[in-house]
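First chain A sits with chain B, and in the next complex the same chain sits with chain C.
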Partner chain A sequence: MTLNPLTIKKIKRFKSIKRGYVSFIILCFMIFVSLFAEFFVNNRAAIVYYNGNLFFPTYGNMKSGTSFGLDYDYETDYRELSRRFKAEKNGNWILMPVVPFNAYENDLRNDAYPPFPPSLQDKHYLGTDIIGRDMVARLIYGFRIAILFSLVLLLVNYTIGISIGCAMGFFGGKFDLFFQRIIEVWSNVPFLYVVIIISSIVVPNFFMLILIMTFFGWIGMTWTMRTITYKEKAREYSLAAQALGASNFRIIFKHIIPNTVSIIVTFAPFSVSGGIVSLTSLDYLGFGLPPPTPSWGELLQQGWSNMDAYWIVGSVIVAMTVTLITVTFIGEAVREAFDPKLHTTFE
Partner chain B sequence: MTAYFIRRFILIVPTFLGVTIMVFAITRFVPGGPIERLIAQAQQMQRVEGGVSERSGTGGQSQPLSEEQIAQLKKYYGFDKPVLVSYFLWLGKVLTGDLGTSTRYYDPVWSMIRERIPISLYFGMISMILVYGVCIPLGIAKAIRHKSSFDNITSIIVFIGYAVPGWVVGILALVVFASHWEFFPLGGLVSDGFDSFTLIEKAKDVAWHTILPVIAYVVGSFTVMTLLMKNTLMDNLASDYVRTAIAKGLTFNKAVFKHALRNSLIPIATHFGNNISVILMGSFLIEKVFNINGMGLLGYESIVERDYPVVLGILVISSLLLMIGNILSDICVAIVDPRVQFE
Partner chain C sequence: MSEFLLELNNFKIHFPVYGGILWRRIGKIYAVDGVSFKIKPGETLGLVGESGCGKTTVGRGIIRLFRPTAGEVIFKGKNMSALPKKEIREIRRDMQMIFQDPFESLNSRHTIGYILEEPFLIHAIGTLKERRAKVKDLLERVGMQEQVLTQFPHEFSGGQRQRIGIARAIALNPELVICDEPVSALDVSIQSQILNLLLELQEEMNLTYLFIAHDLAVVKHISDRIAVMYLGKIVEYANADTIYEHPLHPYTRALISSIPIPDPLAKREREVLVGDVPSPRHPPPGCRFHTRCPIAIDRCRHEAPLLGPLPGETDDSHTVACHRAGE
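For the complex of A and B:
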């Protein structure tokens, strides 16, 4: 795909807005780390060197203890194995991830009850939650779910919104009128309340929740898209295409949609942050993804009911603030680059 | 124009029917309703009372209620009829102003809701006054000093407020100011022993409990309003009629406040009607965070407890308020800006 000069100019303009560009790099880095979180935050070792062979247990089936010369058949406890190798000193070694816990295991002790405060010695860098799961692991895996959730939600919402909205604006007439009425009805539904009622009844999984949210969330993009298409259709270039005998299909996909992309793009970052906030709110109220899914909302709920464990609330709020602010800054920069509204100031 | 508003009012009917039918049907088809709850309770009672007899061979988890009793219960809750029939029965009652009885507290739903409205109203009004009282002057100041350091610093603060939702700010405020430093109470609206306070003590106590929730309420709408005010005022300041006014010898201040400001308030008016649902309904999340007994918390608790008459009652009221608020916004715009034509 070759980019046209105009797009290149917009991307250059985006890069020149430092605040937004830096945020973009930070967010990409965060997403990248979270996608490969198994290497950094896991109870499986990254690399095991045992009797002259290298093992990479991060992905794939679990390796039973017997394959490393232990006396049990269930999955190897790599933290234990690491200690053992060190004590034996016969050339075997293990490279553990930075945080040697996964998001689901409870690190219980005999002499104390969780939550445990942050401690470098235990490798719980941000402490544990109230049932002893590592906070770093919960945060990172929670971030992965939240960001994937809002990206999928965005994709579904925008696909529906763009197709219906574009058709409404382009064809007009009865089709337009029919959907206008539906949108008027739909936009008066108390969104959060109804979503909560539904998800309190059908305990939703990832895709069910996307479905429920899309069911009430598609109208925003549809309405915007309708207005833009309406405007673009009346402009000379599309009239010219019509006069030349181009098919509707060609006009929509070759002429109108490419011209609306820059406006759609400016909405995307704000939809992403909206998606993260809605998922977190639902999880906080207990109507989001079912436990034990790692989630920021559930951590906020834990921190809210255990305020003495300041590290729970503290780390979630910092993580959330950083994420949402970077997304908002990206949004601002994208808007400035793609849809510049140059304010003439009074002099 | 009149035709437009009449159509909008007529559209309330299908919207209302659509939303309520949907929720009504969902509450019906899904397990966990009041009857299941009663059966479970009865089972528990039986287990506690008859621990011995159960072991001696009555068959463990037997059904505690007879078929007859269940049928009676179903009749009591109106579950004996098909969904559509009972929906229309319910609708008929709603139209006469009867929202039914709570299946959990056995109180009339309307009186439960009426008790909570003043509390949400109290927080809603305070935050609305604060939002308008601060955002309009702040927006004006930012527009006049565009790109100054004052503008840049307030922009950053305002952006953080925009990015982080109000209820999260509320949790943070609770942990820092109420739990750690103990400046403020941990939620609720009044302290223990409120009734024995003198009037001044009462006022102080309520104010004490109000500060943190109001901050949480204000944070979100604050940014939108301030930036809206700033951007529209800047657009207007750059327009020709302001330039003309100054060229004819008006001072800058007069040009701003007499001419530009009036036109810049139009977009603010478009948001005005939406306040009605926030004011009366409060916010689920903020009321839950601060444990404020308003409409939002009532709605949340009734969903958790599967108290469907209350859930539906609040749905009725909130969707009506939302629709009326939207229409009100449009009317506001039409009044403020004669150029607007609704088709």
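For the complex of A and C:
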């Protein structure tokens, strides 16, 4: 596929907007790290060298303690094993992740109650939450869920919103009128109450939450798409396609939608940040993903009620701010780069 | 089959106007209000008139981009309004359109190669290789190089784009090409090139043109017959030479006198029309031109003149819709 030179120009322009481009790289890096978080933040070792064999326990089934010469059948405690190998000094070694905890385990002590403050020695670089789970692990896994959530939400919302909006604009008439009224009624349903009611009946999981959010989220895109489609449909290139005998399907997908991509792309980053914020706030209120799923909203809630454990609330707020700012900067730069009029300058 | 390729009988397109709190239909725009003409195969009919008089709407109505409100379009002996949708799609292959604005009529997201290949894709003609060969042939016909295939529309000038638009229109070997002001968006120097290209193609492929324009000089150059439109109706219809030499309708006379003469010393009489075109939503009663007509009489305000030959004549090659024509 040859990229349209106009698109290449837009990408170049995006790259030239340093703030947005740097944010883009940072966000990509964050997503990458979070996707492979098991290597960096985990209680399983990355590599185990035991009696001449290499093991990679990160992915796959758990390895019981007996496979490393321990006397128990449950999952190996690699932190313990690491200390043991060091003491034995018989050539076996373990490469532990940077943060040797996962997001679900409680690292408790005999002499104190959590939350524990940040400590390099314990490898809790940002401390623990109120039940002794590592903050870094909670943050990174929470980020993974939040960003995946908002990306999936974006995809579903936009698919529905674009199809319906496009159809409204393209077919017009009664169809358009009918859906306009439906949407007006729909958008007046109070979202939060519906979520509260639903989560009081069933415990929502990831996909159900997506479903609930899509239920109300698709509306935003329809208005925009409807308007653009009305405009693009009346332009001569789409009339030309019509005169050639092209089917509606071809006109919509080959002619109209490609011409609206730049507008859709402009909206996407802001929808992503919106998705993150709404998931976090739902979790904060306790109507989001059920515990013990790692989530920023839940951490925020913990931090709020334990203000003396400054590291909880502090790290969540910093993480959220950084994420939202990068996403917003990206959105700003995309909008600037795809601006069809180029009236504004960006220095 | 009749001797005419295209026949329009009392062709009407009205657009509804909606308004009010309940968004009801509160009126109509009489964009095209009873137009009839016939085109023989291989002929060019020029359709002229000032902007807003419904020329473009006629063209788009024939090719079914707009749905006609009433009247008949008989193309190749078949009444289009009676045909099912599927057959209309088939007939569209024989009927194509060249658009006014070459910057708008090519999709900026597709390469020239794709734009020209699309007609074949739509009608599932040929294999990939055959299609490519046809596209190259098309480019050659409109006088363009082969390397433009991978380029995008914005890389070309208006004239080149219009050539591409023409190539797309002739891709399916149509019989009728509706040229909707194909040169009015172009430079004067380019206009003649494009017109000559159209004439060459007409000869080569035996095309029939419905040539829509507001520029009489352009129309004169290319047309066999000319129809002058005013506010949704044809006011005069004749052979190209006749209409220039013996215009009968006052509107036609005003139009012709407005053609610039490229000679600063030439003496000329100009008939300048006063006032604006009335709104097609509330067309004036009687003759639609009476509000601006220099020779209007009382009868014109009440009684709409019919398009027909001068009183006493039987030759219907020159028809006019005016009560006072020939006086």
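Rule of thumb we're sticking to: the second predicted complex is superposed on the first by the 338 of 347 C-alpha atoms of A that agree within 3 Å, B and C clash if a C-alpha of one lies under 4 Å from a C-alpha of the other, contacts with A are read in each partner's own complex, and residues count from 1 in each chain.
In this section, a residue touches a chain if its C-beta (ideal position, glycine included) is under 8 Å from a C-beta of that chain, and two chains touch if they have at least 3 such contacts.
Just so it is clear, the structure is predicted and the values come from calculations on it, not from any experiment.
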Which superposed partner A:P5 touches (first chain B, second chain C, both, neither): second
Touch count on chain A, higher of chain B and chain C: B
Which superposed partner A:L35 touches (first chain B, second chain C, both, neither): neither
Touching partner for A:R235 - first (chain B), second (chain C), both, neither: second
Which superposed partner A:L95 touches (first chain B, second chain C, both, neither): neither
Which superposed partner A:H255 touches (first chain B, second chain C, both, neither): second
Partner chain(s) touched by A:A246 [first = chain B, second = chain C, both, neither]: second
On chain A, the residue positions that both chain B and chain C contact, one per complex: none
Footprint of chain B on chain A - complex, ascending: 181, 184-185, 187-190, 192-194, 196-198, 200-202, 273, 277, 280-281, 284-287, 300, 303-304, 307-308, 310, 313-314, 317, 320-321, 324-325, 327-329, 332, 343-346
Of all residues in chain A, those that touch chain C in their complex: 2, 4-6, 235-247, 250, 254-255, 258-259
Residue ranges of chain B in contact with chain A within the complex: 8, 11-12, 14-15, 18-19, 22-23, 26-27, 30, 32, 146-147, 159-160, 162-165, 167-168, 171-172, 174-175, 178-180, 186, 231, 234-235, 237-238, 242-243, 277, 284-285, 288-289, 299-300, 303-304, 306, 311, 314-315, 318-319, 322-323, 326
Interfacial residue positions of chain C with respect to chain A in the complex: 60, 63, 65, 89-90, 92-93, 95-97, 99-101, 104-111, 118-119, 122-123, 150, 152, 154-155, 165, 168, 172
